[in-house]
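Quick one: structure below, then a few questions.
Think of it as A, B and C in the order they're written, each chain with its own count starting at 1.
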């Protein structure tokens, strides 16, 4: 059967964008919480905690997301659970995000000038108070551009969920292509949709970074 | 005479750089001591060791009866007694002047907002900046920021205040306002230890002046020491206006 | 607690190593050509020709805002649909080259822009030709500054190579897929492969470090001198931030 590309195909594609967004948001929020914990562990004065965080970050950052996805997917089904692809993909992306966000945020915290730590601790504030009241509020400004930049990464990464059968935008494209085989058109369209999702965020991240660089002069 | 700060034969090295080579001195209650010397003489390092911003390799430091060199020292206790003002003010840029001062009062001394605000306005009046309470640090001049930094430390009612070259980063016309505040503090009986390049100020206001040279205490005296230096090193230092 | 059984994987060791080798080969080819492409695009974007700049921007932004999986599908299946059947290795390497070229271009451009205008002017006044200025005064210090960002990007690319398995290109992940369907030990297979990717990462980091030490003698000299004086080395000139967006 090889028809043309119909409007119902288009609707199918557009609907799948919703799932792309759901997966992205899920991974970003949960990964963000995880990333915050990873960041705290990483900057902890307790050596074992910091080392554990380093190992975690290095390990997750050192393996392809696709492999991580397979490990989570097969790992979960090994316990007898037939997990829906959304759960497996969400979990894998959450772990992935927690490592990257934790590392990004750790970099932002460490970029805060040491005198701010000194001034705060010399006022007898505890380490946690210093982090909460002085360091993190200032670091957030610095952290926003790379965090938004990572969100763009994440949205693109959700395309890999197609490999375990989750029907998001890329999988929808594959399904349509398998029936009418017009790859240029279909994947071109799919690419365009991703572009529409990602480009505004990329620009936002870039303009924030430019503003930061100007004010840091 | 009760000594608030007792520094006994301290040594400190950074890598292979032996910065403090056996420094000893005492600061008594109500005294203002000025420490002078060329860059590299170790004076700032000695000051920072007193508030444990650096650790010493050898010797003892005692502040208000607390052994600072003890590895298990209670830093929170120490820092409630010691106030320190830095060369680069280190105000918190994301908070207003008032909030800068209230931060430690609320979270360390657990005061209510109202109490903290009262004290903050009090110290701001003392340094002459009550009208800038709602301003952000970046809106103030260097001299004003430094005065806020002094107020921030003062608000915690420390027993001794340390000043680390607090006017060195300021334009000459702004140092006066800061020095005036420090002179008022001394007159009120605050125990103060300052590292400074302001010779005229030290001569006029300090009870004692310590001249450090290459990591050691070289000469100690009152203001007259600056008119009649005993050692050639101090003479050279004063001549060069370092 | 479910027990993992790695023993059925033992006879597949040569297959795994072959897969790792293919991944390494694919990544190196892509990195080599991608770096050249990136340098060309970085210079082209800065050349004062509006059309050229526009094309470069479209290229870079398109690659950076679409998933690598879609890019590789577009390339492989798209070309197939117009009759151009490429071997999968070549298609994967080409897609990777195009992808990494865009990221490298931005990273190198950031490095080029950080070269102080005064140095370029001094070189011009010394009569150096445009090409020589480009190479000696601009490119070399830029590469040194952005070296960490570049190596991070290359590592990300190696991980993106796993995606090539989706067009059945021969590399480590494709090998993993075959082995796990043969042995039914899926979890164990992917754990082994994950470990192999980590080892590959380590190897690449070591090579990158060694190359960096050799190429950038000035940096090493400054760092060693600073360490001896007990001070922290002045690395404030380094452009460390990885351009957000990754590779895939």
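Simple rule for what comes next: a contact is a pair of C-beta atoms (placed from the backbone, for glycine too) under 8 Å apart; a residue touches a chain by one contact, two chains touch by 3 or more.
As the structure is a prediction and not an experimental result, all values here were calculated from the model.
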item: Highest-count interface - the chain pair sharing the most C-beta contacts; value: A-C
item: Chain whose Cα centroid lies at the greatest distance from that of chain C; value: B
item: Innermost chain, where centres are averages of C-alpha coordinates; value: A
item: Interchain centroid distance [CA atoms averaged], chain B/chain C, Å; value: 51
item: Separation of chain A from chain C, taking each centre as the mean of its C-alpha atoms, in whole Å; value: 20
item: Chain centre separation (chain A, chain B; CA means) in Å; value: 47
item: Touch list for chain B against partner chain A, complex; value: 51, 53, 75-76, 79-80, 82-84, 86, 88, 90-94, 103-104, 107-108, 152-153, 156
item: Residue numbers on chain C that touch chain A, as the complex places them; value: 2, 61-62, 64-71, 73-74, 77-78, 80-82, 155, 159-163, 165-166, 173, 176, 180, 186-187, 190-191, 193-194, 197-198, 201-202, 241, 243-246, 248
item: Residue ranges of chain A in contact with chain C within the complex; value: 58-59, 62-68, 70-71, 74-75, 78-79, 145-146, 148-150, 152-153, 156-157, 159-160, 162-163, 170, 173-174, 177, 181-184, 187-188, 190-191, 194-195, 198-199, 202, 205
item: Of all residues in chain A, those that touch chain B in their complex; value: 115-116, 118-126, 129, 133-134, 137-138
